[in-house]
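In the two complexes below, subunit A is the common chain; its partner is subunit B in one and subunit C in the other.
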Partner chain A sequence: MDGTPGSATDIVADEIEAEKLESEQARALGDATLDVRTGRSPGRVAFDRLKKDKVAIVCLVIIIFFILLAIFAPLVVALQAVDPVTGAKADVGTVHTELIDFNGLPTVGMSASHWLGVEPRLGRDLFARFAFGARPSLIIGFSAAAASTIIGVSLGLMGGYLGGWVDKAITWLIDFFLSLPLLLVVLAVVPIVQLRIAGGNRLTAEQTSTIRFWVLIAILVIFGWMGLARLVRGEVKSLREREFVQAARAIGVPTRQILFKEILPNLVGPIIVSASIAVPTYIAFEATLSYLGAGLVEPTASWGRTIADAQNYFEIYPLWLWPSVIGLSVLVLALTLLGDSIRDAFDPTSRR
Partner chain B sequence: MRWTKVLTVGAVASLGLVTACGAPQSGSNTPGATKDAAGSPEGATAALDPNAKGPVPEIDGAKKGGMVTVAYASTPANFDPSDQFYQDTAAIFSLTNRALTTFTLRDGKAVLVPDLATDLGTPSDDGLTWTFTLKDGIKYEDGSPVKAADVVFAAKRSFDPDLAANGPTYQREFFKGGADYKGPYQGDKNWNGVEATDDKTVVFHLEKKFQTLPYFVSFNQFTPIPEAKDKKADYQLHPIATGPYMFDKYTPGTELYLKRNPNWDPATDPARHNYPDGYHFKWGVDTVKTQQAILASTGDDATTLNWDPIDSSLAPQIETTKKDQFVEGPSSCVYTTNMDATKIKDINVRRAIAVAWPIDSIHKAAGDTTHSFAPATTMIPPQIPGRLDFKVDGVTGQGDGDPAKAKKMLADAGYGTDKPFELIYYYTNDDATAQKVNQVRKQKLQAAGFKVTDIGVPGKERRGIVGKPNGKYNMLQSPAGWCFDWPSADSIIPPTFGTIALSQGGTTFGNFSDAKIDSEIKRIQQLPIEEQGPEWGKMDEMLLKDYMLAFPTYYDKGNTTFGTKLKNVQNNPNKGNTELTSIWVDQ
Partner chain C sequence: MLTYILRRAGLALSVILATLVTTFVVFFAGPSDPAQSLCPENRCNAERLQAIRVNLGLDRPLTVQFVEYFKGLFVGRDFEFAGETTHCGAPCLGFSYHTGRSVNDELFTRFPNTVVLALMAAVIFTIVGITIGIFAAVKRGSATDRILIGGSQVFGAIPYYILALLFALYMVTFWRVLPQYSAFSEGAGVYFAGMIAPALILGLVTSTSYTRYTRNSMIETLSMDYVRTARSKGISERRVLVNHGLRAAMGPIVTILGLDIAALLTGTLITEKIFEVDGIGRRALQALFDDDLPVIMGTVLMAAVIVVIFNLIVDIGYSFIDPRVRLS
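Now for the complex of A and B:
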């Protein structure tokens, strides 16, 4: 047992001091009453650092924009004007082949009633497809990230703290899932699971799409928890030998309490970082699977599907492809950069 | 003929799993048929020329040399001559293997000419025995002579339940003792429904008259196979060639190279040229990307052709700047919308479906262009002699359906918003285009007041489900269309309507059995061949007017997209496919 403070702790202490000095200097210029010197948690420190990170703020704005777009998609789409040809406002699902010529190309361009034009072949409103297409991406990204984080943290805590055969089993499980070729398994498993759930081949298009949606989340969770579990397990393994844990154990604090009150708060940093990087990964993966045909299906609007459909029309109708590609790239980039910033904010060794 | 394109179109459905069977009758073989053909509207029918002699006249300016690449979306299952009943393999075999007769193109019209035989066959007075005499000096690729016994062996082999499982079944119906014959390996080796009386004479003994036999013996099943060299299931790896080209390198499922056959004698062949040095077939390619590359024509793409329907995204190009790189023409196929009359019992509901059917929307969603289809109003395509040009109310082949009228028809039949009529069908859910087509079809039928239950299954599975008469659907079962085997309606109506067609175990138009339909088919089949044409035409109208078991939606068109260096590319109107035997490469 090493009783002396490690060098890492020193750096953390220095870092916090430096932070305080910085903020002090900043505040001294403005409001002198906010002289808070004591009791800032690592989370608080990270948050303060994050607030000053311009990239993080821009990314956050972009992400919030997409979230609002997804939540209020029906309202935003309803802002479009009534189409003079069809005599109705565009919505996400209704096909309007009367807006399509015999070679499958739209006869109308961008207009007040179709901000991004209409889809070749089917005549559905592309802005509606774009706005509604953000929904599955965000829902799948965030819910799968949340679920896989919970699973990863729980298994990591258990394995790291309990040790013994539990740890062996969990480590084996992690290795097993890591060794599966993800894309291959997913491409093979999605149709099989769908058939299993369907039972007797009596699925309409809408039901198929709903099933695919939940299967996708399940698969992303099942194949997404291992990294975090391994990280948490390693951290816990070292934390559990530390004095404060030893002390808690010595005075008879129940295991559950040790795990959640003593150990977990020390892991908030890595967990948030891992989760914030998982979200864009899952969003990109959903789009990839939909693109490959193993993800969402018609009639659900999805960026991945739109990209797959639109690529062959790129030369003659690029408008179909651009919004989804840009939307997906910008959202994933924003989430990734934000994840990076969060990591930097939590990482005491990083300096910008 | 089975339809390979349907695999790539995906949108529409699987096609007839019921194999065609004709049943024509008395009369003389040549003059009557020739006359019929001359009067046909698009001139696509096969006239007969029993006196055609090789070699074929040279094409002006044609040069020898070069390789032609043919890249397309579907993949042939095998190259066993006995097993072929597909458009694509028929085109490939037209380069390598010669049958007793064959089709050749003259001024864009198909003509049936003798190939290995000296004429188009001689029937006996009772029409139950046909004799074909082989030409002298025909050799296999290895230099050995072709004997009558080899043609007979091939004909017998076409009965083999394993080697010829996907082949046509006309031989079972018409050849004497063919109904339960199992071929030379599993059945009697000395079965004599077809026999060789000497080295040059092939004799067919028939159960009943088979006026269109000269057409049938142009099939791959009548290309000679030397018994001593037959490797059974492995024969498909290298079928022994008699045509201008032979197998060079064949990778099943991927590609095939053909090279020149040194033992082919052009003087004996009235149908084939051999300008290119060889052919390269590539299967399972992405249609749009291939067509894009061909239109750009850089490098090898300039000598590549593709016979899949032109993608609508490329239509603007082939209509303007790339006009010279595309040909279209009639095909032997008619697409239909099929209903199960045993489940949709009320004919007025079936009529309402026809009235509501959103033909234009479906074409648009499927990416069909006007280059790959023409509106259809009859089940018999225009190039068939005697075809009656009629219009039944609601079946226009055009427009986007009339939902208001359909709604009213349904209301008159007792179905309204409180009690909508439910349509149940299966669609392919592992193909993006099929999913889109389904969205359009579903919404438009719902707009006409139907309740729509669309059941999505993977394409492969769907083929099986919709091919069984007892499925849970009430429409869109197989066949989704029909391609005639020869230009006479006796290869269209008898195999697809009525009790006999149903008795083969598969699905039919309407899945419906009716005494009047049966007796009408029988009556027309008794007539002399020259009189049959118009009668089939009338029956076509009666079926649509009085029964409405299935309605035609469009006539398929053959499309070929080809590189700038390929010359004399033509559509074969009887196959709906590219005519490969007359192409040359401008190097």
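Now for the complex of A and C:
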């Protein structure tokens, strides 16, 4: 009934009905921003509703777990025991060919010194690859979502409020970007931008990976702002005709203040929702690009890259493939479901 | 009405033109050197490389190349290969640097595979998505509804390429439940059998969003007064659902369907790559790794044209349903 199985009890459902009725009353009074019952702001109302959503809490715990794993990856990896063969603790980058037999398969399995075993061919520690692999996904996802949100909101505000040729230009730009075959263009642009930056010099693997990292963020931002821009533009277009904005304009409030103090606070909901849904989308997209060969490259530990390499060994050594598959799926799933819960919290009418 | 259509068509044309210019600038002005990639290091001396460049027309100024390409699209152009002149007819996309075949040929022989895949997936996701959506809407609030919607939410949230990859690895390669893709020339039977696996996973994943659209749309329609009127007249529940509910609920879904099919025709790249279906997406991917500029240009242009045309059809179709759109 609310799109989140087994979460909402009847009490919650009743409360939502009640809140919906109240907010409808408030809207009828011509003031959508005021919650008549308690005087809470819409953001507060949404937050309170979110706290009662069990699925959202579970997702949040999972996301925080991955964030902590990424931040403290070196410490967590150091918890593994000293390897009896190599005589050292495993780290993320060191190649141990002594742990590999002549077929390229590992001679050690899951053990205290290698919680997830070691990588075929190179003998690097798979748990370390997994823990460090969470880093690029999270950094790219969150920073690209933040940047594209800022661009989307700015362009949407400009187009919607200024109107005229600015609006026409921005609308056209949105249409244009939406008509580009996204994946194809992105795949083609990544190596070109990389070559432009490198300027023909031969790059080491580390340099290539660093460049790819920033190019990926830039590309996700460049191709990801349109949806929010279109949404904000539409909302602003209708808000600027509302009485409170006209009143503000009539008493001579400067444009900047109207935009940021009068209009923007009304759009906090859609903006947060859009940003929270953008994060998992970008993480999945980054992994897809890495899988197709246009994303991150070795030696950076990345789940998408690992999945691409490990798929050829899925029959003989599934332990290489599965941690990354599960990590990526669970992280994206948790972020998406949390995004859905946030959307439901801001828009109770979507919970039916 | 006519001015609206003309205005939308003009806008669509300008978007296509801009795509043309942008892709041209990005790819042809890009730093990649097709001559070098045709001729791996140390194989060719400088003279030979220069000869290849002249042959491909890469030695001329960019504007000249662009005018030539543009001319080729509308009136056709002539190519000279080793003293022999080949004419390339009206929507001329040039010749592949790698295979030497015309790009039109390269793309149009593969396009049917992409179309078959997209349409089979579309049949699966409309049938599965709409059926489950109606079912969930009718059983609204029950445990069945929650399981169906929750399940589709979870299934739809996992990155698509992972699902497709696991499906291909285990169902096709490992357990051999479903057959591998084989070309049409090996017989229609095996061809369509091989398409089942990619179409199934693509269709099932896409169906999750249709389940939710249909459910929401149905719930909205079923709460309308005229549905209550129909029920109170004693019409059977089945007829109420199909004739009164579904028909009205389908409007927004058809719109999304139009856009999704356009997206599928251009976006089955991942599916084609994972299941090794020989469609335009996979060809484009190959071209990207070969620096095969004419083929990349051709696919990007073709995809943009498809998306823009479908957008136009949906917009115009929608303006017939809802006349208010025309005024905005």
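The rule is short, and it goes like this: the second predicted complex is superposed on the first by the 311 of 352 C-alpha atoms of A that agree within 3 Å, B and C clash if a C-alpha of one lies under 4 Å from a C-alpha of the other, contacts with A are read in each partner's own complex, and residues count from 1 in each chain.
As a convention for this text, a residue touches a chain if its C-beta (ideal position, glycine included) is under 8 Å from a C-beta of that chain, and two chains touch if they have at least 3 such contacts.
All figures in this text were calculated on a predicted structure; none of them were measured in a lab.
Trainee: Using the touch definition from the top, say if A:Glu298 reaches subunit B (first), subunit C (second), both or neither.
Mentor: First partner only, subunit B.
Trainee: Counting only touches as set out at the top, which of subunit B and subunit C does A:Thr204 meet: first, second, both, neither?
Mentor: The answer is first: A:Thr204 touches subunit B but not subunit C.
Trainee: Comparing subunit C with subunit B, which touches more residues belonging to subunit A?
Mentor: C
Trainee: Looking at A:Glu315 after the superposition, I want to know if it touches subunit B, subunit C, both of them or none. Which is it: first, second, both, neither?
Mentor: A:Glu315 contacts both subunit B and subunit C.
Trainee: In the superposed arrangement, does A:Thr94 touch subunit B (first), subunit C (second), both or neither?
Mentor: A:Thr94: touches subunit B, not subunit C.
Trainee: Is A:Ile192 contacted by the first partner subunit B, the second partner subunit C, both or neither?
Mentor: In the superposition, A:Ile192 contacts subunit C only.
Trainee: Now for A:Phe346: first (subunit B), second (subunit C), both, or neither, which partner does it touch?
Mentor: A:Phe346: touches no partner chain.
Trainee: Taking the superposition as given, does A:Ala287 touch the first partner, subunit B, the second, subunit C, both, or neither?
Mentor: second
Trainee: Do any residues of subunit A touch both subunit B and subunit C, and if so, which are they?
Mentor: 191, 293, 315
Trainee: Going by the contact rule set out above, which residues of subunit C touch subunit A in the complex?
Mentor: For subunit C paired with subunit A, touching residues are 11, 14-16, 18-19, 22-23, 26-27, 30-32, 140-141, 145-147, 149-151, 153-154, 157-162, 165-166, 169, 173-174, 212, 216, 219, 266-267, 269-270, 273, 281, 284-285, 288-289, 296, 299-300, 303-304, 307-308, 311.
Trainee: What residues of subunit A sit close enough to touch subunit C in their complex?
Mentor: Against subunit C, the touching part of subunit A is residues 1, 3-6, 172, 175-176, 178-185, 187-189, 191-192, 195-196, 200, 280, 283-284, 287-288, 291-294, 307, 311, 314-315, 325, 328-329, 332-333, 336-337, 340, 350, 352.
Trainee: Which part of subunit A faces subunit B closely enough to touch in the complex?
Mentor: Per the touch definition, subunit A meets subunit B at residues 93-95, 97-98, 100, 102-105, 120-123, 191, 201-205, 208, 293, 297-299, 305, 308-309, 312-313, 315-317.
Trainee: Which positions of subunit B touch subunit A when the two form their complex?
Mentor: 288, 311-313, 315-316, 358, 360-361, 363-367, 369-370, 400, 427, 429-430, 432, 435-436, 438-440, 442-444, 453-458, 461, 465, 472
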